[in-house]
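One chain, chain A, links the two complexes that follow: it is found with chain B in the first and with chain C in the second.
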Partner chain A sequence: MNIYINGTGCISPQETAQIGPLFSPLKEYEQVRLQTVDPDYKQWIDLKQIRRMSRAVKMGVGAANLSMEEAGIKMPDAIITGTAYGCLDDTGVFLNKMVSQEEQMLTPTAFIQSTHNTVGGQIALLLGCNTYNNTFVHRGFSFENSLLDATMILREGEAKYVLAGGLDEITHYSHQILSRFGLYKKAPVKTMELLKSPDRGTIAGEGAAFFVLSPEKGTHTVAELAGISTIYKPLWEGEVIGAIVKFLEEHEVTLEEIDLIVTGRNGDIAQDDIYEEVAAALFPDHPEACFKHLCGEYPTAIAFGTWMANKIIAEQDVPEAAMFYGTPPAKIKNLLVYNHRQGTHHSLILLKAC
Partner chain B sequence: MEQLMADLKAQIIEQLNLQEVKPEDIGNDEPLFKTGLGLDSIDALELIVLLQQHYNIRIANPEQGPEIFHSIRTMAEFITAQQKQQA
Partner chain C sequence: MSVKVWIAGGGVISGIGMNLEENLQAFKDMRTGMTTMQYLQSVHHETFPVAEVKADNDTLSDMALMPENTSRTALLSLIAAREAWKSTGLGDISQYRVGFVSANTVGGMDKTEDFFNSFLSNPQGGRLHQVLNHECGAVTELVADAMGIRHHISTISTACSSAANALMYGARLIRNNIVDIVIAGGTDALTRFTLNGFNTLMILDQQPCRPFDDTRTGLNLGEGAGYVVLVSDNLLAHIQPWARLSGFANANDAYHQTASSPDGTGNYLAMKGALEMAGLTPEDIGYINLHGTGTQNNDVSEGIAINRLFAPHFPAMSSTKSFTGHTLGASGGIEAVYAALALKEGIIYPNARFQHQMKELPFAPATAFSTGNDLKHVMSNSFGFGGNCSSLVFSKE
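Entry: the complex of A and B
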């Protein structure tokens, strides 16, 4: 069974909620933390409800609505969300109140809104959707596992339209803590120069991307979600290279038939090494596009990468801002997204134009 | 009483994060729940906490809730009565 991407929606540090050519206009930054460009959420959420929602919830609801609008559906048969951090902002509010108020007189709102499945729950509440609703909280595989669950449900014939997506937010506290782990650059860097950066660390990001998946093509369908695979803690780069070869064989695509690779390079010299190894071994002459300089690094950033890959197939062109190596191919039929998070969570997503 | 009602409006707007609502938009006798401000059961819990935090008043009988939280004026009257009792 083929699984098609019938609609996509994305809220990110780029103006991705706007209709128009990909990354036009391009948002360039010179900072170590990128925040989403927020659309007017009141177009989807009632004013009385929006006041309780943190940014993570709003961006999730917004991206979900955008994807359903593009797919032309009002109600999905399942809602599947992937998030590593969940609703961090409200978790912080609740924990701060616990400390400052000595565990007394805690208000319910921040607690209710602080769980990882708040976004999936709010999408369902706003739609009045009582069907399957699941949230995957699997660090760097959260989005991939939501897609995997979506494909299994569709293949089992339990649903016709599945809304699946990934999102994460960065907050002041989480950025401070993760900075202490050495994840981010110590000084601001221009986003368009990030991938050539000569030192350790990357830039933090956030965002939400949702997809309406279906075994039937819709009016705006341009790509098929042909495959997903994850590799956890590979011992060396050869294991990843072998996994990519096997993955492509399983999906009956040769290396030569891959028109474009989209990688998760993030400007951290220690983490980008493996992309170099993979490209040298398997794709020495293939054009390569990247996405993390546009959205920042976060555990579900590959959702943005997948959204971008679908748009590239739709436009049959790669924006200059996304191009990393080579020239955009004349025709883009098969596109491989390869991403890793912290060297431990590696994933492959294969899109085929249809 | 007027000052207390003005304070309550500002505190409610802050506690409930009532975006785009100004103190002058809330009538003293306007119902807080259903019609009027359209607050709900979660907001009721927030208002109970507000009374505890700002006025050190605990509501002993939950059945009094609808009466106390009917409007800004009924809340202010309840606070004034409780403060007199405590004094």
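Entry: the complex of A and C
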């Protein structure tokens, strides 16, 4: 069974919620923490509810709606969400009050909205959708697991449209704490220069991207989700290289037939090393595009990368802002997304133009 | 699609025992797990009884062979997951394609709470080690790494239904030939975060909880972990299966973020869907392990949905949360182990402290432990926040 991407929606530090050519206009930053450009959420959510919703919920609901609008559906047969951090903002609010008020006089709102399945639950609630609903919270595999679950459910034959996506938010607390782990650049860096920066650390990002997947093509379908695979804690680079070769074989695509690779380079010299190794071994002359200088690094950033890859296939062109190596190919049929998260979570997503 | 998925074993740690055998003995002895808080530090320790695992972190870390500063969520998980694996007799885990799908709702929150004490007054305060494994997925990885599992690792968090969804995803991984074996279930440690959260919702009982009793006033929180080992039909010759995971379904109530709809729409759809996948009719079910939290709202919604689907053939049913408390992300895993064991040994578990018939319902839960019942199919329900409702059906063959 072929599984098609019938609609996509993305809310990110770029103007991705707008209809128009990819990254036009391009948002450039010079900071270590990128925040989403928020669309007008009133088009999907009642104003009273908007005020009570955290950004994670709003961006999730927004991206989900955008993808369903593009797919031309009102109701999915399953809703599957991937989020590593869940609803950090409400978690932080409740935790702060609980500690500072010594467990007294607490109110329920933040607790209710702190659970990891809040976004998936809210999408279902706003749609009145009684179907399958699941939330994956596995670090750098959260989005990948939701896509895999979606494909397995579609192959069972009963569901026609599955809404699957990934999202994460940054909060004041989470940024403070993650900065202490040394994940980010010590000084602000221009986003368009991030991938060439010569030292450790990356920039923090956030966002949501949702996809309507179906065994039947829709009017806006341009690509097929041909494959998805994850590699957990590979022992060395060779294991990743071997896994990519095997993955492409399984999906009957040769290295030469890959027109473009989209990688998760994030500007941290230690973390970007593996992309060099993989390119040198398998794709020495392939054009390469990147996405984390546009959306920042976060555990579900690959959802943004997959959204971008689908748009690249739609436009049959790679925006200059996304090109990392080589020139945009004349024809983009097969596109491989390769991403890793801190060396522990490696992911492969294969899209084929259709 | 229809590759059979067997339950080759299971392990449980909960407020009524450190392993499955101790859990079973507690049911036989009608010994429930709720007591005054002994291990969790909270200002509410005199107010709310909880079903804690009866061991401090030092003892648990000795059992788990993990450092004692590890999150309690991971310690509980590893103890139960190891027991589950050992019970299968499959031997060296590295010989198989194995997945670990573990649910939880709190992750390393027990350590994060301590971190925040220092961090809130000083952004450079608190030891980073305490938040290193805050993420739900980090807890899963600590356990997967300790057990040597690498083929597929995932974490699910859908509040109280989390672990039931872990079994579903695990079964699909096997049916899609991604792995041959999945250790699936869930874990959660008691934390101040959840205790205070449930307190703000005013659904905690200050007495031992009374699921499906007309006088019920809320739930007791518990903690623990429970895992089954799901095995593909192609390894059937290597195991002595307890049961088969024959049906499952997940539906969303789409009614309220934390409350169930009055007619239990999501509950009904989940139970109905699980029966359909199993190819069964309601009268085939011999026992239901209820979600049965003891809140006003859950028990009436669940009961009405059961009435709608099962009347007039009501199977035996009980809420084992009357013993273990509500273990949240672990509950679907713990109760899946109980359900599989029920088929293996013909067990109907008792529902403790049931005295008053609920006026909305025409049926009552079982109140005594019995074994040797002729059970062919049992159902396990897990419903929760976010409208997430899941039902599993286990069959003897």
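Going forward, the second predicted complex is superposed on the first by the 354 of 354 C-alpha atoms of A that agree within 3 Å, B and C clash if a C-alpha of one lies under 4 Å from a C-alpha of the other, contacts with A are read in each partner's own complex, and residues count from 1 in each chain.
As a working rule, a contact is a pair of C-beta atoms (placed from the backbone, for glycine too) under 8 Å apart; a residue touches a chain by one contact, two chains touch by 3 or more.
Predicted model, so just to flag it, every value in this text is computed and none were measured.
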Partner chain in contact with A:Asn2 - chain B first, chain C second, else both or neither: neither
First (chain B), second (chain C), both or neither touched by A:Ile112: both
Chain touching more of chain A, residue-wise (chain B, chain C): C
Partner chain(s) touched by A:Lys48 [first = chain B, second = chain C, both, neither]: first
Contacts of A:Gln18 with chain B and chain C, given as first, second, both or neither: neither
Chain B versus chain C as contact partner of A:Met152, first or second or both or neither: second
Which of chain B and chain C A:Thr254 touches, first, second, both or neither: neither
Which superposed partner A:Gln342 touches (first chain B, second chain C, both, neither): neither
Overlap of chain C and chain B interfaces on chain A (superposed complexes): 106-108, 112
Chain A residues touching chain B - in the complex, by the definition given at the top: 47-48, 50-52, 101, 105-109, 112
Contact footprint of chain A on chain B as seen in their complex: 15-20, 38, 42, 45-46, 49, 52-53
Residue ranges of chain C touching chain A (in the complex, touch as defined): 1, 42-44, 105, 112-113, 116-117, 119-120, 123-124, 128, 131, 135-138, 140-141, 144-145, 150, 152-159, 165, 168-169, 172-173, 175-176, 178, 192-193, 196-197, 199-201, 249-258, 265-266, 269, 385-388
For the chain A and chain C complex, residues of the former touching the latter: 79, 84-86, 94-96, 98-100, 102-104, 106-108, 111-118, 120-122, 124-125, 127-139, 141-142, 145, 148-149, 152-153, 155-157, 173, 176-177, 180-181, 230, 232-233, 344
